[in-house]
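Listed next: structures, encoded as structure tokens.
Presented sequentially are two complexes of chain A, the first with chain B as partner and the second with chain C.
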Partner chain A sequence: MSIIDYEKLLSENPFGLSQLNKETFYQKSIDDLSLFHANHCEKYGKLSKNLGPGVALPVRLFKLYDLMSIPKEEVKKTMTSSGTTGQAVSKIYLDGESAQRQTKVLTHIVQDFIGKDRRPMLILDSSKVLKDRRMFSARGAGILGFSIFGRHPKYVLDENMELNVPLLEEFCEKYKDEPVLMFGFTFMIWQYFVQKLKEKGLKLNLKGTLIHGGGWKKLVSLNISNDKFKEEIREYSGIDTVLNYYGMVEQTGSIFMECPCGRLHASVFSEIDIIDPITMEKKDTGKGLIQCTSILPTSYPGHVLLTEDEGEIIGVDDCPCGRLGKTFKIYGRIKGAEIRGCSDTYERR
Partner chain B sequence: MSNLEKYNEAFMEVFQIGEDQLTDDLKYQSIETWDSVGHMMLMAALEEAFDIMMETDDILVFESYPKGKEILSNNYDVEF
Partner chain C sequence: MNDVNFLIGSYDIDKTPFEIFSDDACDLLYKIESTIRKDREARLYPDVISVGYWCRKANIQKKKEEFSNGALRIGRGLAFHITPGNIPVNFFFSFLFALLAGNANIVRVPSKDFPQIRILLRILKECLAKFPEIEKRVAFVKYDRSDEITGEFSKIADVRVIWGGDRTVASVREMPSKPRCIDIAFADRFSVSVIDSESVLSSEPQVIERLVTGFYNDTYLMDQNACSSPRLIFWTGNSEEGKERFWLSLYEKAKKSYNLQASVAVDKYTRLCQDLMDRDDIAKQKSFGNLLNIISLKGAPEDTKSCEGFGGYFYQTDINDFSEISKVCDERLQTITYFGIDPKELAQDIIKNNCLGCDRIVPIGQAMDIDLMWDGFDLIRTMSRKIDIR
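And now, the complex of A and B:
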């Protein structure tokens, strides 16, 4: 599949195009993908025939159906969403090319925020997540994707999700003078890292960046805002740059990153639109359902997705951080939606 | 141990393969153990063996057994 010149995009600034300049190539890429998937995935073909070309798929469909646009024998990796026990999980089928493209794009986007240097890294999760290498959970994929920025990444939680204090102390001592990178999933960081540090009366003196994602629903229900989260991370770990990302297993790679101004950014690889849940029309202002598009999916028809998250556009080409394109904010899952997200589906067993 | 021996050892150990499989055809995803997890393990093993720190971009283009040698000798002064 070479209808999109990914290599060219990977050689340019992922936030360097104004919205107007982006739209000229972006919409065509999406249209080309819609046509490609309609011709190569029978179920998607039927849907677009009945509902119109480029129809947005509700993310739930990936749980109900096996959707792929490549022959079965070309599937190299199957990624699964992080469903809670008893929930059906989404299955995303990747060929070698798609898997590699996801890694490259993720790296390209994140480099724009933390630079090319690899830093000592702490993964705020348990190493058991990566056990089965062929069936990848979204959590495993996230950890692995971000590990490329780390030097000898260390997992701070043991198999039982308990904080490994000796490891943490050794790490803090060894890297007290250089910026480090921490990565994890929002709710788990809160529950198994911040709360445990608090309980044990530990305050770390790390510096550097924390990148986290995976859903706010559980923290919203505890009444913990993004600001409060950042504040406590600073207080207990010392880390003062805390960046959230928004992404989903159905569009791995083309994540939306939060900049230091607190806005989530769409790169040239993806786009965000807000849909009025009543009329299903796009709207420029006010809250609505988030529709995510990505030009990465070629092995499965996941390029236009309707999520169950509520969000709002907060600006176009006007973020003080200098990155161009749309910026937005998320308010959480709309009522009645099922629980999704790497951190929200984690249940203590 | 020569640099080539160190290089080969990292591949054989991480991917659990024999010396006969170390050919120009050995590529990312050409064998089961060289998947994305195996890739990061290989990078860690090579960094340790040669006491280097690779850049993210080099890790991304490290796509085959011969390409890896090229990257190590061009960018990290590892002579083969």
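And now, the complex of A and C:
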């Protein structure tokens, strides 16, 4: 696929285009991808024929179908979402080119926030995530993907998900004078890092940046807000730049990063749209379903996705951090429905 | 049994039966009717009002007359009801029917806290005070899912009224019951509509409005998830314009009245994508956003299980004569609602074609009207015994 000049984009500022300037090339790229996938993925082609070109795929379909736009022999890597046991997982099929492109774009976006220097790195997770092949899913891929930004990454949890205190103390002592990088998954960090530090009465004096992602579903149920999360991270680890990212295994690479002003940003590689769930039309203001587009997916039809998350656009080209493009906010997963009907007594849930 | 919450009555229930349509039972219903009519809180809920309306004297007496041929009928004993969790008032109808059939009743109420349940039980409790003979034969219970507790009630029941579809029926059937215990099992069912497009086209606007409101109440009102909600529409006549008029009017009605939850919208959209990707019997589709989806099939489907729309998601197909309906008229088919056709002719056709299915053929708008004939069961006769005198 050479319809999009990725190299050129990788040589420019990922947040340097105003929305107007971005849209001209971006829409064209999405249109080209839509045509490509309609012609190369039979299922997506059927959808396009009926619902129009550029139709959004519900993310759930990646759990139900093997969707790809390349011959099976060209698949180099299959990524899966980290579903809990028993749940269906998403399967994303990558060829060599797509896999490389994801890494390059991820690097390009993240470096805009933490710079090019590789910092001492703490991974707030267990090393077993990479050892256990069954767990090598979005979580493993995320850790590997972000590890390239650090020097000698250390895992702060042991195989039993217990905090490795000696390692932590040694790390804090060794790097007390330079900014470090921490990475992990939001809920894991809260449960196995922050809560454990609290329990053990430990307060660290690290400085630097924490990047975290993976969704707020569990923290929302515990009533923990982003602000509360940041506050506790600061209090117990000393880290004062806490950056959330929004991304999904179906669009690895072109993640949406939160800037220090607390807004999530779309880069030139991706776009966010808010969809009215009733009319399926785009809306400029107010809450709605998040539709993510990305110009990266070429080996599978994941360039336009309808998520099950609720969000809202909060600005265009106007973030005080100086990054251009759309900024948005996430409210989390849409609430499960209360369905009426007679086939429900005590069997279900 | 410590985890059972008795909302009315106790474990020490009198399990003996009494005459069908007993004076006491009928009087209790009239009392319920007048109490609901005067109760300010009850009047806020149309479904509670419908319970009261059903209990009115004129209605009950008419039903009683059907049994006034001198035959002696008495209840079977104790009826145990496992009622649907997601419909607020069906548990109460289930109770009323078994009561009129002369039974003592243990009713497991839905675990969800619908205000309708609280109101109906408050009113019932109040009314029961004047009817001690019935009062000692009634218990309403609430408990979290427990095979053990359901099993205990199962053991002592003479009638089990099992709502909740195939899975619940299967699991309750596994529980031991008395040798002569009778099960009224409400399985998963499927319902369809037959509409004549030319009649739709030629009808006055107010007729269409009534038709569409009736259809809306049959479907959207229960998220199209009740077993009597039509999911597949058979069109007779040849008027594309008539069909369009119907769907457009329905869309306007849904836009005004239906609260489409975001997650249902996503489920419907996902369903639409799956249908388009998987099926090869689709002629075309038409969607009004996620509010109303219409899938036109090339013919009657092979299996109605593939047409289980919800939240305003319909399958449709044209037919030249009723015999094409018999293709889907298997044991799952419950209700056929109609407009612009002759229901007798349809029924005759179903019989002629030796169909296993179809228990009701009712005008559009009456799909939800629960009554003593339900799901193919004659509830009074099934839940009572006739003493054969010669």
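Everything that follows uses one rule, which is that the second predicted complex is superposed on the first by the 331 of 349 C-alpha atoms of A that agree within 3 Å, B and C clash if a C-alpha of one lies under 4 Å from a C-alpha of the other, contacts with A are read in each partner's own complex, and residues count from 1 in each chain.
As a working rule, a residue touches a chain if its C-beta (ideal position, glycine included) is under 8 Å from a C-beta of that chain, and two chains touch if they have at least 3 such contacts.
None of these values were measured; they are calculated from a predicted model.
Colleague: I'd like to know which partner A:Ile334 touches here: chain B for first, chain C for second, both or neither.
Modeller: second
Colleague: So, does A:Leu157 touch the first partner chain B, the second partner chain C, both, or neither?
Modeller: neither
Colleague: With both complexes superposed on chain A, which partner does A:Lys116 reach: first (chain B), second (chain C), both or neither?
Modeller: In the superposed model, A:Lys116 contacts chain B only, not chain C.
Colleague: See if chain A has more residues touched by chain B or by chain C, and give me that chain.
Modeller: In the superposed model, C touches more residues of chain A.
Colleague: Touch check for A:Ile295: first (chain B), second (chain C), both, or neither?
Modeller: Neither partner.
Colleague: By the touch definition at the top of the document, which applies to A:Leu130: first (chain B), second (chain C), both, or neither?
Modeller: So A:Leu130 only meets chain B here.
Colleague: Please identify the positions on chain A that touch both chain B and chain C, taking each partner from its own complex.
Modeller: none
Colleague: Write out the stretch or stretches of chain C touching chain A in their complex.
Modeller: The touching residues are 82-87, 90, 108, 110-111, 145, 150, 162-168, 171, 186, 188, 221-223, 225-227, 260-267, 269-270, 272-274, 276-277, 284-285, 287, 289-291, 310-311.
Colleague: Give the list of chain A residues in touch with chain C in this complex.
Modeller: 43, 46-47, 50-51, 57-58, 60-61, 64-65, 276-281, 289, 306, 308, 310, 334-348
Colleague: Over in the complex, which chain B residues touch chain A? Could you list them?
Modeller: Listed in rising order, the residues of chain B that touch chain A are 28-29, 35-38, 40, 44, 47, 53-57, 59-60.
Colleague: Show which residues of chain A lie in contact with chain B when the two form their complex.
Modeller: So the residues of chain A in touch with chain B come to 76-77, 96, 99-100, 103-104, 107, 111, 116-118, 130, 133-134, 144, 147-149, 151-152.
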